[in-house]
Amino acid sequence: MNRITVERVKDEAKNVRTLFFRWDQKISAGQFVMVWLPGLGEIPMSLSYIGSLKGITVKAYGKVSQAMIELQPGNEFFIRGPYGNGFQVESGRKLLIGGGSGIASLLPIADSETDAIISAKTRDEIIFADRFPDSRLFLATDDGSAGFHGFPHDLLDRMDLSVYRKIYVCGPEQMLYRVMLKLRDRHVNAEFSLERTMKCGIGICDSCSVGGLQVCKQGPVFSIEQLKDNPEFGIYRTTYSGKRISLNMK
Amino acid sequence: MNRITVERVKDEAKNVRTLFFRWDQKISAGQFVMVWLPGLGEIPMSLSYIGSLKGITVKAYGKVSQAMIELQPGNEFFIRGPYGNGFQVESGRKLLIGGGSGIASLLPIADSETDAIISAKTRDEIIFADRFPDSRLFLATDDGSAGFHGFPHDLLDRMDLSVYRKIYVCGPEQMLYRVMLKLRDRHVNAEFSLERTMKCGIGICDSCSVGGLQVCKQGPVFSIEQLKDNPEFGIYRTTYSGKRISLNMK
Amino acid sequence: MADLSTSIAGIRLENPLMLASGILDENGYTMLDVMKNGAAAVVTKSIGNEERDGYSSPIIVEYGDSLINAVGLSNPGIDNFAEEIRIAKQAGKPVIGSVFASDADGFTSLGLKMQEYGCDAVELNLSCPHVKGFGLEVGSDPDLVEDIVNEIKSKLKIPVFAKLSPNVSNILDIAKAAEKADAYVLINTVKAMKIDIRARSPVLTNVYGGLSGPAIKPVGIRYVYEVKKETGKEIIGVGGIASFEDAVEYIMAGASAVQIGTALYTKGKGIFRDIISQMNTFMDDEGFGRISDMVGVAIR
Amino acid sequence: MADLSTSIAGIRLENPLMLASGILDENGYTMLDVMKNGAAAVVTKSIGNEERDGYSSPIIVEYGDSLINAVGLSNPGIDNFAEEIRIAKQAGKPVIGSVFASDADGFTSLGLKMQEYGCDAVELNLSCPHVKGFGLEVGSDPDLVEDIVNEIKSKLKIPVFAKLSPNVSNILDIAKAAEKADAYVLINTVKAMKIDIRARSPVLTNVYGGLSGPAIKPVGIRYVYEVKKETGKEIIGVGGIASFEDAVEYIMAGASAVQIGTALYTKGKGIFRDIISQMNTFMDDEGFGRISDMVGVAIR
């Protein structure tokens, strides 16, 4: 376990905060860490900044993530990792598709040739829009309060994807799945970063598996080829107990 | 454990045989290995050849060493190691003093500038005399059957030791002790390789200790400074059970 | 080419390597993938009569190449597990259903369900060291063990394996109590824990967990050797196997087959194929024609 | 500068690090040298009433940084040991005499001799896992343990430590039986063995031995934590300590002092000074003024 001290915090939106800290560790874009708050629990978190100053962008859902967004400079937390494979970053023009806080883990691969679709339920939940020039940014909201009114996969219908060397997607599985269905037949090069229940983070507990692949170890980033015929991606997941439930998205 | 196959054997004297073998392992002159014959036991042995062809020169004392000298080409034994510090080999003129089979572990440091005193109880037990030109060799036997009649330390009285950059000594502790007493006041640079009961070979069982030093780990080679005020060297040893017994040599 | 096939309780295995219970065996697709990667059989995660979340995270601590876990027997409950067995069975290889309960009736009803789902054998988890009322608490009581094993054996057609704990004073008493089982599985994890000195706190939510991986291999070898020597029964060896040497060491100590768990963390699923090919070379070099030639050869 | 001194059963130690029994403590000069290298105290090799050669070599197997040993309680016999204690005592630090026997009378007569020789405490080896009739065979029988501890406590003036085994189903039963002891020492080695697959043979002459070193640290931490939490008694922690973090982990689990054995193989005698200086820095950084501030802080 590494003990980390919060150096600085930045509020990105309601219930979303980036914690900045120093950690002398090489990390690839797309990798994640397991964050432990003693007495509270441990959860997986991607890194939104991977330079010498590192950052984690947390959206509060439950007990642990809520406690994380309450951390102040000087407060401490513990991490193990980094884990997972990370993105295969290619030079050339890229498109990032980030749903909700999903854009956070895509940030480290953004450069001057990168376009981004950032989507959220509503305008207030859009984060990191300021990291992209207007000319390279597409916004989408479920309620139409900002940008395109609808989901990212619908927006894709209107875009010329042939200009992109590679497309990188991160967000809720529903969104990833629908984007995958759109891209599948358009012969594009795409990578998806998945989120599943993660207990161990190191490829042994089976809680994060999707069609035989461990998201924590063989992922969290998968190529479109690995996912398009996957029997569970977008279809089933297992709960914390290991019970198979349908995602009902077909 | 490393499994070793005997490649070739050479009889050096009655009950003394060198076993040659290949072992891809860097070894310093003076280091030793623990030789295991399954079902029989394990004993420490120095290496008499340390190049790409390695050799152990065994003198039969008891169960294990007796079985070792009966090994034939193609037979196998097991070793762990190498252990111990080895000699600090210096360039320039050297004198080796080997008592009994002690000369074996000094062989690897012999070069064209090296003189040797080889001693034994009797003529038949002298080994490796052929490895030194007559001009560089002094023989000594307890019974006078070859060379000087007497012990190596007595022979030293007649030699000019100031010509040697360093003196290396290996043999029974009685001999080492007496040589040490002679050299102590003559301000020479000398190293002694000790043999004591060795059970572990790795510095934890205390069976090989001499005045707080572990022969297996801090030795087997010690400088004259480490030995000259040692409260046990030449004075006491402990038996296999750990019982202190006097060497009665003072 | 040596013949790597072996058999345990009459079940033929194409090689001696099985997946250990609790590691990558909760989801049918994962078990399928592990068998595609060379495992001759899988043992499922231990399943109980009721759905259980197990402990909340942290449930695992890395300790070098070894692990300390307190998953807490999380499982979907036997009634939700049929589908996973069905998926795993698509590999066409043996699937062994691991079960845990606190008494003979509980074990028996689980065993019957596993049999109904098509499992080739049932493995009784008498040894999980970190959940109150189950596992070790059951498995260290010889009378209870005897009761469970005798009862389930009288009801099931498929073979029954008894997985025993290293956390006992005398394993032979327990082995004897379980002697009606078709084979023993040795060993489960060793009770252990980790404190983070900077957090000044135990790391696992449950405080205590089970140590697995290379740290426990010498302990596992000793149990397999001792139990084989004293009982002569068939044994599946498990605990810290991460190389072909480790697998062969267990076999020479008396195991007819082995299970691999923690090494999937350090070596990934490729470990099965790697060990198979290296074991083959070893057997050819050493003149062993078949696995049974090696079973127990080191016993004195 | 933090204050590293501690005390155990009223014996003051300049720092919490002692030498464990059986490692470099058969010869008085070696014990002296270990204390010159920074150990605050030494525990002697376990001494019996009669001289014993122990097992013939091989008596040790290297397993990574860990070891498996079956020395077999070799010792010169108590009557030949006075001189070693006399030499060791020249360090001016506490010397603890470890003893083994098979019954209360045997332990008591050994304890009286150790007291006569000037030892500051006696440590009862109730836990060696590889010698028939001694150690674990004695230490896993609660009635016998109670008898031994009560008898020797009634005869000796110096403190008595009870060294317990991890090779038992329930350590609390044994700890309770030994509750008259002034402190517990936890843990001895874990029963284990090694087979060399090319020799097709167990390596140790005795076949079975005891596992020590980093492999058993998580097991030792668990026992110290559990026994401290349940009994509150003073504990000396031992098992796999090879760094200041390990020592602090034992202290936070409840140990008032620790012993180091196997790490002398990997780190040499310099380990004592290294740990002392690093523990000092750690305590300063973390705001711990004295060892007692850390004892058991991780217990929940």
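Going by the order they are written in, the chains are A, B, C and D; count residues from 1 in each one.
The criterion applied here is as follows: a contact is a pair of C-beta atoms (placed from the backbone, for glycine too) under 8 Å apart; a residue touches a chain by one contact, two chains touch by 3 or more.
Just so it is clear, the structure is predicted and the values come from calculations on it, not from any experiment.
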Neighbouring chains common to chain C and chain D, by label: none
Far-end chain from chain D, centres as C-alpha averages: A
Whole-Å gap between the CA centroids of chain B and chain C: 51
Chain centre separation (chain A, chain C; CA means) in Å: 36
Two or more partner chains touched - positions in chain D: 198, 201
Shared interface positions of chain B, touching two or more other chains: none
Pairwise touch network: line, ring, star, complete, or other: line
Each pair of chains that touches, named by its two labels: A-C, B-D, C-D
Chain D contact footprint on chain C (complex, rising order): 63-64, 66, 68, 140, 167-170, 190-195, 197-198, 200-202, 207-208, 211, 214-216, 218-219, 221-222, 225-226, 245, 248-249, 252-253, 282, 286, 297-298, 300
Contact footprint of chain A on chain C as seen in their complex: 23-27, 29-30, 32-33, 36, 45, 51-54, 56-60, 62, 67, 69, 71, 74-77, 80, 83-84, 196, 198-199, 201, 203, 205, 261-262, 264-265, 268
Parts of chain B lying in touch with chain D, wherever the complex brings them together: 1, 3, 34, 36, 38-39, 41-43, 78, 80, 199-207, 209, 211-214, 217, 231-232, 238-244
